[in-house]
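Below: the structure, in structure tokens.
Order of writing sets the chain letters: A, B, C, D and E. Residues in each chain are counted from 1.
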Amino acid sequence: MANFLVWVVWVVAAFACLASALAVVSFSNPFYSALALIGNLALLAVLYLLLAGEFVAAGQVLVYGGAVMVMFLFVIAYLGDRTDESPWSGGPSWQVVGAVLAGGAILAEVCVVVGLKAGGLLSKPQHVGREFGTPAALGRAFLTDHLLAFEITSIVLLVAAVGGVVLGSHARMEGDARA
Amino acid sequence: MHGPDIQWYVVLSALLFATGALGVMLRRNPLIILLSVEIMLNAGNLLLIAMSRLHADEGGQVFAISVMAIAASEVVVGLGLIVAMGRRNVELDVDKLRTLRG
Amino acid sequence: MHWLTTILIVLPAAGALIVAVAPFSSYWLGSFAALASLIEVAVWITAVSRFHFGSAALQLDQHASWFSDLGVSWHVGQYRFSVWFVGMTVVAMAACTIYGWWVGRTRGRAYFALMLLLTGAIVGVFTAQDLLLFYAFFEAMLIPLYVLIGVWGGSERLRATITFVVYTVVGSLLMLAAIVVFGLQQGTFDMTRMSPSTSTWLFLGFVAAFAIKSPLFPLHGWLPITYRESPAEVSAVLSGIVGKAGLYGLLRIAIPFFPQPVHDLRVLMLALGSVSLVYGSLLAFRAPDFRGVVMYSSLAQAGLIVLGLFANNSLGTDGAVLQIVNHALVSTALFLLAGMIERRTGTRGEFALLGGMARGRPALATLVMTVGIVSLAVPLSTTFAGEFLILAGVFQQGWGWAVVGAVAIVLAAMYMLRAISGVLHQDVGPAVSDSALDLRLGELAIVVPLVLCLLGLSAWPNLVAGRATSSAPVGWTKYAP
Amino acid sequence: MAAAAWVTLALPLAAALAISFAGTAISRRVAGYVSTATTMGAFAAAVVAFAEMWGKSAAHRGAATTSWTWLSAGPYHFGLTLLADQLSVVMMLIVTGVGSLIIAYSVGYMDGEDEERRFFAYMSLFVFSMLLLVEGGNLLLLLAGWGMVGLSSYLLIGYYQERPSAIQAAKKAFVMNAFGDATMALTLFLLIQHTGRLDYGGVFAASPHGGAVANLIALGLLGGAVAKSAQIPLHTWLPDAMEGPTPVSALIHAATMVTAGVYLIVRCHPLFEKAYVVEDLAAGLGAATLLMAGLIALVQTDIKRVIAYSTMSQIGYMFVGAGLGAYPNAMFHLMTHAFFKALLFLAAGIAIHALAGEQDIRRLAGVGRLMPFTKWVFLAGSLALVGIFPFAGFFSKDSIITSALDHGWYGDVIYAACLAGAFLTGVYAFRLYFIVFTGEPTPFAREHFHRHHGQEGPASMLWTVGVLGVLSVIGGLLQFAPIWHPLSTWLDPVDRPLVAPTNAQEWVTSAIAIAVGLAGIAVAWVLYAARRVPVPRALPALEKKLYWDELYDAVWYRTSDLAGRALYALVEKPLIGGSIAAVTGAVGLGSRELSVAQNGLVRSYALALAGGLAVLAVVFLAVR
Amino acid sequence: MIHKPHVDWFALAPSLSLLGAAGLLLMVAVLVPRGARKPVGASLAFAGFVASGIWAAFLDDRSPHAAALVHDAMWRDRWGALAQVILAGSGAVAVLVSYRERMRDEHVAEYYALLSAAGAGMAFFVQASNLMTLFLGLEWFSISLYVLTAIDIDLIGSLEAGLKYLVVGAVGSATLLFGSGLVYGITGQLSFDRIATAGHAHDAMLVVGLAMVIAGLAFKSSAAPFHMWTPDAYQGAPTPVTAFMASGTKIAALVVTYRVLATAFPHDEHLWRWAVAAIACLSLAWGNIGALVQRNVKRILAYSSVSHAGFMLIAVAAANQLGARALLYYLIPYSAMSLGAFAVVAARERELQAPVTLRNLAGFGWERPFLGVSMWVFMLGMLGFPLTGGFIGKFYVFAAAYRHGWWWLIVVGVVATMISAYYYLGIVRAMYFRDTAELQLAPAGGSPPYDPLLTAGVAVALAVTVGSFFAVQPLIDVARSAANALPL
């Protein structure tokens, strides 16, 4: 029974997730694309929950749905109507064909891999304890095994912040110079 | 474990990855290209988390969390560039950025 | 362990460095370079005096590991024939450097530094006993030449440099591939410790480089434009010395280390040689300018020498060495004379514009006539001695080759006499004004020593021929003829 | 003896070098004196050598001395060796003796030329080369001298270097001799291969008997000989060589160099005797040449060319002698010919010199009255040439003709040819004499004739000619085959003749020869002196010298010329030059294509990445 | 209760010192008055790189035995340490070159901060020993480089270059991430050596992951066909940044590529060896042929860096001790040459105030003898001519290829070199053979701003380029001991 429910949730979430991804790619107005991406992220969070990743799911919603996407929306709003674009056009003729072929190929390859594994390793997940994926567990992991990863992540964020300052601030000065 | 096997998650992540890749390769609006990149990264995240579930190993989830941060930072820089473009009244169309070529 | 060979290599290079930085005027830099080149000659004479021609072994050699894991080392030394290669190099380079000084090349700092650098590189080629070291010097020759042609050359110099570089680099890189494979197969790059190989591909790799450098018939595409566009003294170096590096490679590397391929492909090589010989002679006979005659004749000479090298007997080989030395001196002198004539007449040496220069210019007439006649191998001249040995040697490979050579002797007489008369005799050419002076003292001081060397050798060619290659490097003629 | 031989060789070389290096430091005349003196010194040294040799017994007269190894390779060693023996000493005497006379003559003849020094340097160089040729102790040095005389002949023919015709003639002479050098060189290679050595004794002993190799060896040597001695088929350079100054023609193209071919055969007779066919061929060529040259000489109008053709024909006699094995007779004729032919040239030179360098007999006509001395000596020379008793030619030529009788039917044919030649000789020699020296002087002659201090020419020219005149009168008395023959005895150890005609044959032949000679003279008198009969029109073929020049022009010169042009147009430019252009062009094209692919679209860059990845993964999946 | 893992600060010192420099520089940006920021910032960054280099040298000396630290997060071994030394050197020279770069004063401190941060990221990257740190280190220096590329933002070219680099780079890292995910999925391990020991060789999932990892890393080392961003980014970025990218990124990416492939995927060698060989050939062809028609010197050098990636990948494809040695040796003269070359370009740029093309390079050699000769030497070095380390480097690479029996790789490399001769010597031709009069160009205006630091940087590069030719033995010894750290 529970299994069936999980299935239902998964199917819905998965398809919605995919649909929203496609929407992100195909909307002509980046504002809608951004909104679609928020949905996509939320649905991914659901899937994470199914995979026993409570903390990740939470982080997903907070970090992405919160911070990042807000930043997106802000920029889009800031740039206003200059952001419109006809969805598929321009570029050399072979661009589209090549893109579809390449993307399809990668997809197909992964599917082949999965097909080869069907019923194999991928169908026998380890049993996980109750505390798997809890904030506590992840925190412990962060502070012990993956200490360095943790630190580096923070450094990268710092670098990015500096970069944002450098790039953005200069743009403003440029604007002042024009004004 | 309840629900579908891990392979379905893998397939889904592959679908997302391909979608994002298509977005990057087909769209011309830098904002949407950035969003597509986010989709690709998230596909990777989904894969990682699925696998960490498969092996009951937190490593994957930790990885995923760091990736979120990384993605965020890339977004910051990318948006900074886009804003700069906007500031300088450069049309938001990567196909117009062709001064460097050949 | 002996320093002399190393000194022979390093001295010019050091001189080049000094010239490059010394705070003097172009004139004084030139005189310094001239002095350095003369000192180099003196050092060579010292080396000859220390050299035991009785022994066939490597002498005056110095060995120091460069990097051990692949067995590469700084190993320089001289065999009996190397001595003569080095000798002709230092003498000819001295003459050319002094000529550059005499004509007062612009941008002297660069010019003289490069000339000295070139000297060191060529001497290195002729004395390196490590394959990689040999290659390093072989390539190092190209660097100064490229600039010397490109900066001080004629109006078409850019095209000339490109053609020259394309050909040379193609050849030398094929050789690099061959060297890497050969050396790693042997486990060492020290030529004195390498043993012969049977690989035809490696042989061809080496031959490609050497045939381009020499040059031989199908691979001489760089020759016309390069020799025409270079400054006279650089053409002299190119045809007199640098070309010989290719022949030296055949003598020292391609033939000793690849007995089997040499044996299998000997007919091919002999054919290449004879084709170059006849082809070069015929084109020289048609060439419209003095340089054209000289350069195609050097193509022919290269072919002749290859005949000697692949005659696979002591006659041919000794004759080849002798002829290499002869031609180095002859063609250096000829190109320098060509330069002097061109400077006097303001032409590129076209026969249409020249003629009648003998009148009132006895020195010029005598020198052109002498060198020209020596170059067409009139009997009793040292070139005659060389050609005689070569053809006598190749005759034993098959009389046909020698007949081709004999025909070429007649052709040589035809084109060289044509060139001499075209410049010196008959009606005075439109470009020859009475103000065109006879050779000045400085020019005589440059050319006469070369001519004296030639006359001396004519009196005693055995000085070289008798002290050449019966000192056989490894694997010498290990194959049945 | 050895020392004397070396001195003989060294002196002229020293003179040549000294004059060249002294340059303008010495006056022109001094140069002439230096050259003359050294040559005379060489002659003295030769006499000394001869005397020393005379003192020895016949068996020990030959001596070879080596100064140093000139060339060596592996087991082969070729020394700088001089061989002084009966044969070479004779040649030394002729060369230096006649040479010194001619050089002395040219002091006067060349007076006033602006580059006399060069002339005398060349002359000394020639004497050196000729001596090297005859003294050389091995075939390599022989070849060396062979080429050197060719070189000096080139230099001297082209002495008037502003004259295109002279330069052309010089080149022609050199190139044709180069052919001869080439064949000789090939012979030497053959000898090296089969005997491993080049010294005369060794080669003669070791060279193979009969068979193709022996024939090839002899043939190669013969090639050199005919080229140098202007015999059929390599003779066309000699007439043109008359472009040189007259003393040059006298010394090189009459007295010495052109006879080197005879010397070669005589010197290398063992090799020829191992190949009888070739030896007969030599005789045949000689006979043919003497006939052809005689015919052509009939119609030539240039005084020197006529003499040149007569030289060819006389050398033809020598070839006959050498080819039939009558070596001493050949050498004897060589000597006498040196005397009277030099005399003819020099006498003609006096006339030419006195008449502003004019050489056309139609304009020189009748100068005899103006210059009697010249007339008489020229007459003496002509008589010697025709072979009238007791002049020199009589003794030497007739003995050659006779020797033909001892050689079977082949000999008989040649005998006939020689007699015919004798007749022709008479005709053309006296045609020349009558036209030039008898009858009324032409206006041209009167106008241009100028006396030199009241003489026909400078003293140096006159006395030398006088000496030669005397020699051509009495020189023949040295040997008269039927009665006394010191020369044959002298040469016998070196060159034992193969033929021994009887005395009767000698007498008879002499009589016939004189008869036909006189007949020829009579014809000439009828045609040119008395003018009883109009001169028949000459065949154009004869005037064109039987088209030999045209033949060689077509076969060799034009061919190589065309070949050169064709190779340049068909190979050098399109293939050699074009190939690199094609390659670089192709690479450049590819480069432009690539820069199109680098289209500046970030999306395409991403596509490249994805595409590469896709391919990579597919391959991995496929081959894992 | 948490047991904090023991952290080997010494192993981290090279990157930490740079990180510290970066932090200080950020403070400089706010505390130091604008006028003094430039000298202070430059000297701080220089000090950081020098310190990092010294630490790395110590590290190389003190860690003869490879050891995994912090729960397999990073390696302490000579392979990484030597790479760090080279990196630090390049960074220091890059600082010298940057000093006079016409740049926005108000952000000069941030510029140096980002430079140091990038250096730190590379320094850490080469020590990374599990997929996570691999990805993070990559992003660490990549993001810094994105910003640096675009830092001269009022130039549209710089902006464009930054955006292209960012987008393609993001795709590349996403690929790397997905590949890591697959590898992690099949093995359940993150750290390289455990991935190797986990078995699953030839597994479909593993090889697809491997392909993606290779693609991601090849992107960073700008090997064809993943190189397309390179010419644009190199041309658009400020020249000192380009110099640093060209040397540093390549060092880091190639060293790590070798480590990852050799450590984590030894059982699939037969696959990645061929893949790398193919990529190498493609890079050689594309880089060299593409450069032929270029006129912009920076672009030419960019293509040449692609071709050099090809050369070094030959060493990777050889997959033997000799190859590893060859790679490390090759990197030394290569980084010196490319830094020096870009430095000379920067000097010309500054005196012309315009992008440097073959045309306006005319006469440069005669006007600025030292820089001209240096450029000449660098070009010859890249062409692989004697008297420069480039020659020995190519020789070693070929030797490695042959040692593995792949003589055809030698032939490919040789042919590529033949082609490259045209444009390398073309630069020399432009500098010396055409005199400015011939092209109606006025010689560069007056005397350029006297720039001792840049000259010093060029001099150092020159010394390394030529010195590495003579001092092969010591360098090779170091490289050998470093290569021993890899399980080859």
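In this section, contacts are C-beta pairs under 8 Å (C-beta built on N, C-alpha and C of every residue); 3 or more make two chains touch, one makes a residue touch a chain.
Small disclaimer: the values here were computed from a predicted structure and weren't measured.
Trainee: Name, by label, each chain that touches both members of the pair subunit D and subunit E.
Mentor: A, B, C
Trainee: Looking at the contacts, which chains touch subunit B and subunit E alike?
Mentor: For subunit B paired with subunit E, the chains in contact with each are A, D, in label order.
Trainee: If you average the CA coordinates per chain, which chain's centre is most distant from that of subunit A?
Mentor: With centres defined by C-alpha atoms, farthest from subunit A sits D.
Trainee: Quick check on this structure: which chain has its C-alpha centroid closest to the centroid of all protein C-alpha atoms?
Mentor: Of all chains shown, the one whose C-alpha centre lies nearest the global C-alpha mean is C.
Trainee: Taking CA centroids for every chain, report which one is farthest away from subunit E.
Mentor: If we average the C-alpha coordinates per chain, D ends up farthest from subunit E.
Trainee: Please state whether A-B or A-D has more C-beta contact pairs across its interface.
Mentor: If we tally the contacting C-beta pairs, A-B comes out ahead.
Trainee: Taking each chain's centre as its mean C-alpha position, how far apart are subunit A and subunit C in Å?
Mentor: Whole-Å distance between the two chain centres: 70.
Trainee: Can you work out the whole-Å distance between the CA centroids of subunit A and subunit E?
Mentor: Distance between chain centres: 30 Å.
Trainee: State, to the nearest whole Å, the distance from the C-alpha centre of subunit B to the C-alpha centre of subunit C.
Mentor: Once rounded, the distance between the two centres reads 65 Å.
Trainee: Between subunit B and subunit D, what is the gap in Å from one C-alpha centre to the other?
Mentor: 98
Trainee: Name the residues of subunit E that each touch 2 or more other chains.
Mentor: Within subunit E, residues 132, 136, 139, 143, 146-147, 150, 153-154, 163-164, 167, 171, 182, 185, 204, 208, 231-232, 293-294, 422 contact more than one other chain.
Trainee: Indicate the residues of subunit A shared as contacts by at least two other chains.
Mentor: Answer for subunit A, listing residues that touch two or more other chains: 91, 95, 98-99, 102-103, 106, 109-110, 112-113, 117, 121-122, 145-146, 149, 152-153, 156, 159-160, 163, 166-167, 170-171, 174.
Trainee: Spell out, as numbers or ranges, the residues of subunit C touching 2 or more other chains.
Mentor: Where subunit C meets two or more other chains at a single residue, that happens at 162, 166.
Trainee: Going by the touch rule stated at the top, which chains touch which?
Mentor: Touching chain pairs, listed by label, are A-B, A-D, A-E, B-D, B-E, C-D, C-E, D-E.
Trainee: In their shared complex, at which residues does subunit E touch subunit D?
Mentor: 163-164, 167-168, 171-172, 175, 202-204, 207-208, 210-212, 214-215, 218-219, 225-226, 228-229, 231-232, 268, 271, 274-275, 286, 289-294, 419, 422
Trainee: Per the contact definition, I'd like the list of subunit E residues that touch subunit C in the complex.
Mentor: 322, 325, 366, 380, 385-387, 391-392, 395-396, 398-399, 402-403, 407, 410-411, 414-415, 417-418, 421-422, 425, 428-429, 432-434, 472-473, 476, 480
Trainee: Taking the touch rule as given, give the residues of subunit A at its contact with subunit B in the complex, in rising order.
Mentor: For subunit A paired with subunit B, touching residues are 2-3, 6-7, 9-10, 14, 17-18, 21-22, 24-25, 27, 30, 33-34, 37, 40-41, 44, 47-48, 50-53, 55-56, 59-60, 63-64, 67-68, 71-72, 75-76, 78-79, 82-83, 85, 87-91, 95-96, 98-100, 102-104, 106-107, 110-111, 113-114, 117-118, 121-123, 125-129, 132-133, 137-138, 141-142, 145-146, 149-150, 152-154, 156-157, 159-161, 163-164, 166-168, 170-172, 174-175.
Trainee: For a test of understanding, state which residues of subunit B touch subunit A in their complex under the given definition.
Mentor: 1-12, 14-23, 25-29, 31-32, 34-36, 38-39, 42, 45-46, 49-50, 52-56, 58-59, 61-66, 68-77, 79-84, 86-88, 91-93, 95
Trainee: Subunit B touches which residues of subunit E in the complex?
Mentor: For subunit E paired with subunit B, touching residues are 131-132, 135-136, 139, 143, 146-147, 150, 153-154, 156-157, 159-164, 166-167, 170-171, 173-174, 177-178, 180-182, 184-185, 188, 190, 231-232, 235-236, 293-294, 299.
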